[in-house]
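These notes are about the structure you will find just below.
To keep things simple, chains are lettered A, B and C as they appear, and every chain counts its residues starting from 1.
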Amino acid sequence: MFIRNAWYIAAWAHEIGSKPLARIICNEAVVIYRDQGGRIGILEDRCCHRGTPLRFGEVVDNGLQCGYHGLVFDVDGRCVEIPRQERIPAKARVRSFPAVEKDEFIWVWMGDPAAADQGKIIDYPWHNDYKKWPHKHARYDIKGNYMLMVDNLMDLTHLGYVHRNTIGGNPKVHVEAKMQVTPTENGLHYIRWLLDSTPPPTYVKAAGFTGKVDRWQEFEYFAPGCIIQWSGALAVGRGAQVNREQEGGFQLRLFHGLTPATEDSCHYFWSTANGYRQDDPQATEQLYTEIDTAFQEDKAIVEAQQARLAETGYDGLVDIVSDSARVHMRRTVDRLIEAESKSTSGELTTA
Amino acid sequence: MFIRNAWYIAAWAHEIGSKPLARIICNEAVVIYRDQGGRIGILEDRCCHRGTPLRFGEVVDNGLQCGYHGLVFDVDGRCVEIPRQERIPAKARVRSFPAVEKDEFIWVWMGDPAAADQGKIIDYPWHNDYKKWPHKHARYDIKGNYMLMVDNLMDLTHLGYVHRNTIGGNPKVHVEAKMQVTPTENGLHYIRWLLDSTPPPTYVKAAGFTGKVDRWQEFEYFAPGCIIQWSGALAVGRGAQVNREQEGGFQLRLFHGLTPATEDSCHYFWSTANGYRQDDPQATEQLYTEIDTAFQEDKAIVEAQQARLAETGYDGLVDIVSDSARVHMRRTVDRLIEAESKSTSGELTTA
Amino acid sequence: MFIRNAWYIAAWAHEIGSKPLARIICNEAVVIYRDQGGRIGILEDRCCHRGTPLRFGEVVDNGLQCGYHGLVFDVDGRCVEIPRQERIPAKARVRSFPAVEKDEFIWVWMGDPAAADQGKIIDYPWHNDYKKWPHKHARYDIKGNYMLMVDNLMDLTHLGYVHRNTIGGNPKVHVEAKMQVTPTENGLHYIRWLLDSTPPPTYVKAAGFTGKVDRWQEFEYFAPGCIIQWSGALAVGRGAQVNREQEGGFQLRLFHGLTPATEDSCHYFWSTANGYRQDDPQATEQLYTEIDTAFQEDKAIVEAQQARLAETGYDGLVDIVSDSARVHMRRTVDRLIEAESKSTSGELTTA
């Protein structure tokens, strides 16, 4: 069961060029295209004539043309052309989903269209600032429920085990980190300080630290699937806890967008921005490569976890002290699902 | 649900040599072999001893010998030998299906054997005339219900979209073709005339047309799965509508045989015969290659359509003007299924 | 349905080194590891924290550490460490299965732990005698129920068909062999004598026979999944039936251990020991290669049989004269399953 009345990331904006793109989102097979006026259409990927996926079609003057018998659909899903036929029946249409292009993302609303408030889409201004925050995008197909990936990002004690040799470093450092969790209107915020700690290999490689650092990891979670991260370190003694915006340290911004595909798979959209050597494209590339290596480690373990939970369910699992943010996050999502299932619009939009 | 009291193509005759061949037909796993007397046996692919597939066996003096413990079955499915055992119990047998070899096809009857009338097998004499109609065979495994492939052949407006760059050509030409549909006893006949039209790339390559042509596509459908096609073109002014049997144009004969494998897969047996440069084996080969390229385009789109319909069903689909022959065909098949399910033999033969 | 109160082979001892090993046994996903004291632990492959498979973990001082958030489990499945947390709740544990290392095998008991009597593990002393019985191990993943593999070994008439070109030879020889079956407390014993027979290619290659031989195949079956085989041949006239322990012939010992994985798959552990040219490592290797080739033939046919039986069930199958040992074996297993399902411990251990 997914929250449907929410904005999810459907694609990176750059993915939607002249060809339609197929994707599964919240158990719906959709096709995403950009019409010749630049508008984004997100349609059910099924022609209303013979059920053919519209991803085989092509973008023509008046919309997306089915590749089988030539019907054309506009960004709202209306059939605007049937070859050989003058009258187009009203029922000749496919379902469409509200779509918004913003901050290099294509956002989609899979629930009740009447409730789709663009004002609720979160901002990520760093995507529009290549000068100060040069960055690079990625998308993974994860064979795991999107909540397992959110879980992963809510409990960073995994860094010492899963990422021991990449972005993690010594497990003890992570286990002993000071963690402060604050509930927000629609999620939670947490910050962890690893004071006077040994920087992990990635940090040393990037910023050339020679001694201990004060390191922070700040996460803001927006239910159901988005997380904004700001991490970094300054050498001990430079007062990182008072002012993190100093030169000469290491810092990065990460965006994590988890979008449900099916119950046991999801899309992981992430970007990483280099906030320490902005004039060096190699640094941006190197950062991306390091993060990619680490996130592939997460992918592997979450996919194995998914496979096991699909067989056994969640019975008998035991929460531990490190789970505080994760448990809060899960409660938030459960509350939103419950609220949605009680509302009238919830009834309308359940698949 | 399939029509079972009907002749389907089980194999090309040349496929059945010294080794048994396994195939799924109407949800039954069968093994096809030719005994040492030349007779064709089509048997349930399951030894009655331990269930081992007979396709692992080999053809011996008295029939097909199971490759596990040596039992032998004749073309009627009777066990004729059990190693180490003198008496063969009556229940030691496997199911057999009526089989006929004709016109380079192996035909099979999957329904009530008592109703298997060989006289109802359609004729395809062009397979026996390599001089006038040199030809070549193919077989595809299609991951789609056989009816979706029949649908495909009943509505040629797809040529302009699916085959734009191969046998199709300009969509407008196909959409505007004059089409005449005539019901027949067991199917339908249609002919389309594309008068004064630009010939598609395949036609030009084959016959060297330099100007417009009068082009025809004549199809006869025999329910449930066979279609005989005669297509061609003559230069405008040569009176194609009065006499199509002239030299110097382009014409081909295509046989399409669709045999159900499972609900979501089928066998597509087709042959293409060169009726314009019969003395040139390269022309036959080139024609085959062109058709093969185009039919792979159909295969791709039908398989995508199948996958989608398997997920969503047929709800909400809208018929359009171009669907006249297709709709007639579907009604014919539905009528035959209904008739079969009401008859006594229908009860006996339902799997 | 499997017998659970029984010792099965979980692994070869040499497979359990410094890394945990995952395996499915009787429908349970387990992880096998050797702790730093050398003890074998066989645990449910699912951390009790977040369900992550423990096979991603590593062996540390006090047990097996989960690779996600660092919980540690000892060989009895008790959680002995939770990072960041002092008190370990009693429910923080994973299921463990009794394990014994003996004769180069790791044995496991998947049923009621209270009933796990190590004294009931069969002996295979030849694994401890590399001088007289140099040998080599193998393990196959078989896509077939383990009983189909036991069936295979209970009816050797298949040698003439499945292994005609390897260890089998002429079918008639096998069909006419004298076979003596004797029930035992927990299975059966049989011996077949192929007197005055032509030795098969493998035997000739190994021992250089130039004429006919007296050949024996002696099998002892221990329900549910172990078979000890002693096969060989001496030249005719050397009195093989009186004394098989002579120099100058051919003999081998084979161990067959079938362990259920799922209803349609199993592990096949086998070893083959060279009892005729013990000082020649090439002979041991050559024997292994020959047996491996033959057993791959069994694997192929049993997997095809499994696939077919999974579709059709066992209805309509007919027993034949050669099935005597196989039928006795099946009855033994059915009796054990019935006894287990009636006992109290059976109730406790059913998955």
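We take it that a residue touches a chain if its C-beta (ideal position, glycine included) is under 8 Å from a C-beta of that chain, and two chains touch if they have at least 3 such contacts.
Quick caveat, the model's predicted, so the values are computed rather than measured.
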Rigid-body rotation angle, chain C and chain B, from Cα fit (steps of 5°): 120
Same vs different contact residues, chain A with chain B, by half of numbers used: different
Intercentroid distance (Cα basis), chain B paired with chain A, Å: 48
Residues of chain B engaged with two or more neighbouring chains: none
Chain B residues within the chain A interface of the complex: 151, 155, 157-158, 160-162, 171, 175-176, 300-301, 304-305, 307-309, 311-312, 314, 316-322
Complex contacts: residues of chain A adjacent to chain B: 29, 45-46, 48-53, 55-56, 65-71, 82-85, 89, 91-92
